[in-house]
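Single-structure report; data block below.
Chain nomenclature is as follows: A, B, C and D, assigned in order of appearance, with residue numbering initiated at 1 for each chain independently.
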Amino acid sequence: MLGGLALSKSVKQVRAVAVTGATALMALAAYLVIEFLSLRAAGDVSPMLFTGSWTWFAPLNINLALGVDGISVVMIVLSAFIVFAGVFASWNLKPLTKEYFMWFCLLSTGVFGFFISIDMFTMFMFYEVALIPMYLLIGVWGSGNKNYSAMKLTLMLMGGSAFLMLGLIGIYFHSAPEGGQLTMNILEIAENNAIPHEWQYYLFPMTFVGFGVLGAMFPFHTWSPDGHASAPTAVSMLHAGVLMKLGGYGCFRIAIFLMPWATQELSWIFLVLTGISVVYGAFSACVQTDLKYINAYSSVSHCGMVLFAILMLNTTAMTGAVLQMLSHGLMTALFFALIGMIYGRTHTRDIRKMGGLMQIMPFLGVGYVVAGMASLGLPGLSGFVAEMTIFVGSFQHADMFHRVFTVMACCSIVITAVYILRVVGKILFGAVQDEHHKTLTDAEWHERFAVVTLILAVAAIGCFPNFFSNIITEAADPIMKLFA
Amino acid sequence: MELSYTVAVLIIPIVMFLFLGIVGVKLSKKTAGLLGTCAMGVTTLIAYASALTYFFGTSQGQIVDGVRQQLEVLDITWLQFTENLVIKLGILLDPISAMMLIVITTVSLMVHIYSLGYMDGEKGFQRYYAFLSLFTFSMLGLVVATNIFQMYIFWELVGVSSYLLIGFYYTLPAAVSASKKAFIVTRFADLGFLLGILILSFYTKTFDFVTLTSNPSAAITSAGGATFMGCSVMAWALTLIFMGGAGKSAMFPLHIWLPDAMEGPTPVSALIHAATMVVAGVYLVARLFPVYCLEEGTMTVITVIGCVTALYAAAVACVQSDIKRVLAFSTISQIAFMITSLGVARPELHEGVGYMASMFHLFTHAMFKALLFLCAGAIIHAVHSNEMSKMGGLRKYMPICNIAFLIGCLAISGIWPFAGFFSKDEILVAAYANSPVWGIWLSAVAGMTAFYMFRLYYKIFWWNNPDYGHHTPHEAPMTMTFPLIFLSLVSIVAGFVPFGDLVTWNRGVLHTQIVWAVAGTSTVIAVAAIALATVLYYKENPVPTKMADACRGLWTAAYKRFYMDELYQFITHKIIFACISRPIAWFDRRIIDGTFDLLANVTNSASYAVRKLQGGTIQGYVLVYILGAAILAAVSIICLI
Amino acid sequence: MEITMLMYLIPSLIMFGCGVYGFITRKNMIAILISLELMLNSVDINFTVFNRYLFPGQMEGMMFTLFAIGIAAAETALAIAIVINVFRAVKKVDIRELTKMKF
Amino acid sequence: MDSVGNILMYFIIALAIIVFSVLTVTSRKILRSATYLLFVLFATAGIYFQLGYEFLGAVQIAVYAGGIMVLFVFSILLTSRPGNNSEPLTTHKKWMGISAAVAGVALSGYSLLSYGAFLGREMSSNLNVDITRIGHALLSTDKWGYLLPFEAISILLLACIIGGVVIARKR
């Protein structure tokens, strides 16, 4: 796809290639799901399917090891969806359209690579591949205080990945029992289970914080509001929708999976932090005036929920976490797409300067309401399913401490309702604030297409959750057995 | 299963909602309205069919030993949490759900028909019908829920459709803020509901109503006597669940959203905020009644809240000047009656008459309150105002409406043979049976009810008419009067439905008879109250104003709804927004962001500082080199010695 | 009384110290060059002295000094060419003024 | 036992070196610095003579005192106006310089003194550096031959000449 983009000359060609590529991606993702399900149905119970491994750097035993389980499959589907919608959302982007799409594709490559890697090194590499383009995408095509945001985002995430790198190297050097062949392969490490406890004590926080930064865990979340606010639409979508999920996925796949002992010992610290994230993000969102900031803080809250659920260490909560990743990914992408479209018309994101947009652009208005409803957990849309699974799962925890925190996290749903309705009420309903807005037009076809795609996805999860939940549970179950 | 066609009552409205919501704009208004109404008609027929089959059909062994069985017509796994905790979507038919099916579909159908006339010419007619369908769908889903989580799902959906309908006139700021308020307040209550569900399911390992209620003591004991802050966890769970119910049913102190919700179109008020949705809380408690009645503490909480609300709302209703507000507070008061009735009900007292009375009152109240609201709608439609001061003498212009409204008032006041008499009577019986305190309290409130309803009636229909200007009020069109007539008839005869045979707490048969002592007293009180209202308000006269002046403080307080709104405003804006959100946002910007910015700045300035060392001044280099060498040498010499 | 090695080395050391001091403190570029010459000279003295006292039969130290003098001459010539060129450009020989090439 | 004249000569030379070195770096007139440097160079040449390296002393005088000093003086005359004293040093900078110099001198002096016995040895008299030997050594390729460095330094000097011309050339 990158190659195709590099070759294409005119804007039209770029678009055509991007759309073709994204569609192919969707098709591949769908094919993957079907294959995966049929294999599972055929009774294949190995933890990862479609595995492949190519030696990369023999002296350190680094391989390009790929494979998917239920969780990665759904994450891939999510990414494919968002990339697909993102291409349509950035239809009219100027200037340097070609370069933009090239970086965009590189970013997607990183994301997909991350989800299918089962080798720590490759995973880390793809993580960085996904990260670096962000800087350029925000710095060049962003808006507002973009240099600051891009810098902050990149630096903070790089800081996180420094921790992560340390953690990964630590894991690598304890990956095999004394005298064994050291390995980067996650499955082998988990099988060996050879990391000494005192090392786990240091490595777990490192890896968790490393991924937690990307998952916008309190207090390492501040890159997210600025970054999102400055990023162009599709990048915000991909970033909030997929990139932040890398954090949750990584925490689960590396920190928890490889170091079960430390997880049980130390999870309370992170539980407190993520619990704070959940409520804190929600409260913060209540007083913001910039649409993107509101959404970014809501992302902090929702992503906090993901990490929170992961730390509960039981299958149901874990399933909920993955569902939340899916759901949050889709609905934030939807949000950012809509915000981008509204911004593209009104040229302001200040909610105090907007009003009555429902009359002017009913399609976008309805889309926004649907996104809002998904976000505040309306049954039938994805947010409800995810949150309920998390709450029920978390509440099954035997500890009073965990349950009290669950109650606290539950409170966030009320606060979510407050800020969502505040925004919806301010910008969509009421009288038109700005006379100029009356001349604005509703969405164009490609925008409609992007929005409808996402809404359908959100509704699909909301209406038929068991399909997704079963795939995830199957994958989460063996891992969570470690803690039983 | 025989009754599986009941599924259609859910499917038709949701399909209608999607259809009207997506392609509605392309249809003409007439088509959309008729389509919606016809669909609703079909739904109603099916609901009647299944309910009647359930009550009176005997073929499938529905009645075993005089007890009606609960029929799970449908049960699909929707989402599996753990092995035990599964959300299923299904349809549970038992007396209360069958009764609710009738209530909801009837009122909904009436409102659909009525709206054809009332909403004629409004912008967004199609959207309106789509929302109505959505609401009907959710409400029906709520009542037929087989498990508490399904109920929660539809509970939320009901909340949203209510939000959408209240905010129907979305260009009016008042409507927008009212809808927001309604949603957030009920959402807050739902938080309690959710937590209650979590606690309950954590101990009992099930969401299923049938499992919970068929063996309630097992549910209670499953907690193993665990306590939290001095109360047993089950009491917590049930109280929290009741909190959800209290929010939806607008119990004090979570009632504040309901009066504001009157910003929505009047038929919506009739459907949602008078007849159906607001009784969801009552329904919820009734659903879990076998479990509730084993927790004495929770029952007391329910009773007290019910009583306080009943009195509070009645007091406020006496002084309001907006016709819909009066009706709204009367609704709150009446629902509080139902809640209290459940609270005082015990299986051992009169065979659990309170439960039956509550359901009975729910049924009759839905009918006559819908009637009253629709009348109010017709009046508002005619005079284009909600304020009573803009009305008066309407009996000449709107005779049908006059009579319908009178019937409604008589029904709510509890005058024989209107519906309210029977149900309210049963409630009073149950209250006296529990404790005379509650009985007397409720009787007093019943008197107030009669008073303020007739105050309203006289002010609207009898006082001297103000200057109506060009458009003289006239009778509403046929589409609007038909529902009025129909509901009037129902309000008259509904009292004679043998509820004791149909809807009881153990689904058996309850032998009720009118306790004339109670009934007589309450009738006397009601008549006295009506007489008082007649004296005071029959004609425009200065007495009420004088009375209001006499106790100005009380009057103002009541008019301002005892400052509950202000209190909430204070809590949300001053405390939550100003004292939590803003500091957090500030903390985020300054402290956390500041920390990271500081890190960056320190790095930056450190590099600036270090940069000078590499400034290219040879002299500096030499200095450092020499000193460094000297230090190294000194160190090595010292070490060597 | 004997003139020992030490007695030659100590003036040389002091000369070197003066060179260092001058190099660090002076601002005139030519003065810096002069200090540099001082240091070079003291090193030269050391070479010869060690050669003379320790290995009187050989002449490596002397040769080294010889070459050092040659190189010092070359270096000075070049440095002074640069100084003059700089002076032409900025009319100053103050080293603090020469910050244009920094950063 | 050296001759008294020798010893006297030594003391004069040593004193000259010390005094003029200090004056060189402390004088505020640049031309005076150069002059003092000249004296230091002469004294150095004196040391060489005293040690018996007459050729070296001659080279020192010819190249340093004759060649380099002339360059210095010319360049000084080119770049500064007469009477244009350099401004006084800031104390800060002065102390930095003094500390560095003193630290270096102290340390080296300490190590010199600690090897006093070794360094206290006498000069042996059998010195064998006649000009023939130097000439042969400079132009031979044998074991002690210096042809290669000799040639290298010639090239270096050539390069310097060219470089000097190029740099100082008027553009």
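Following the convention adopted for this analysis, a contact is a pair of C-beta atoms (placed from the backbone, for glycine too) under 8 Å apart; a residue touches a chain by one contact, two chains touch by 3 or more.
Since the model is a prediction, treat every value here as computed from it, not as a measurement.
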item: Innermost chain by mean C-alpha position; value: A
item: Centre-of-Cα separation between subunit D and subunit C, whole angstrom; value: 6
item: Chain centre separation (subunit A, subunit C; CA means) in Å; value: 67
item: Whole-Å separation of chain centres (CA-atom averages), subunit B against subunit C; value: 97
item: Centroid spacing, where centroids are CA-atom means, of subunit A and subunit D in whole angstrom; value: 73
item: Multi-chain contact residues (two or more partners), subunit B; value: 622-623, 626
item: Per-residue overlap in subunit A, given as positions that touch at least 2 other chains; value: none
item: Set of subunit C residues in contact with two or more other chains; value: 20, 24-25
item: Chains touching one another, given as label pairs in label order; value: A-B, B-C, B-D, C-D
item: Subunit B contact footprint on subunit D (complex, rising order); value: 96-97, 99-101, 103-104, 107, 110-111
item: Subunit D - residues contacting subunit C, complex; value: 1-2, 6-7, 10, 13-14, 17-18, 21-22, 24-25, 30, 33-34, 37, 40-41, 44, 47-48, 50-53, 55-56, 59-60, 63-64, 67-68, 71-72, 74-76, 78-80, 86-87, 89, 93-94, 96-98, 100-102, 104-105, 108-109, 112-113, 116, 119-124, 126-129, 133-134, 137-138, 144, 146, 149, 153, 156-157, 159-161, 163-165, 167-168, 170
item: Residue ranges of subunit B touching subunit D (in the complex, touch as defined); value: 622-623, 626-627, 629-630, 633-634, 637
item: Subunit C residues touching subunit D - in the complex, by the definition given at the top; value: 1-22, 24-28, 30-31, 33-35, 37-38, 41, 44-45, 48-49, 52-53, 56-60, 62-63, 65-67, 69-78, 80-85, 87-88, 93
item: Contact footprint of subunit A on subunit B as seen in their complex; value: 77-82, 85, 87, 149, 152-154, 156-157, 160, 163, 167, 170-173, 175-177, 179-180, 183-184, 187-188, 191, 194-195, 198-199, 201-202, 576-577, 580-582, 584-585, 588, 592-593, 595-597, 600
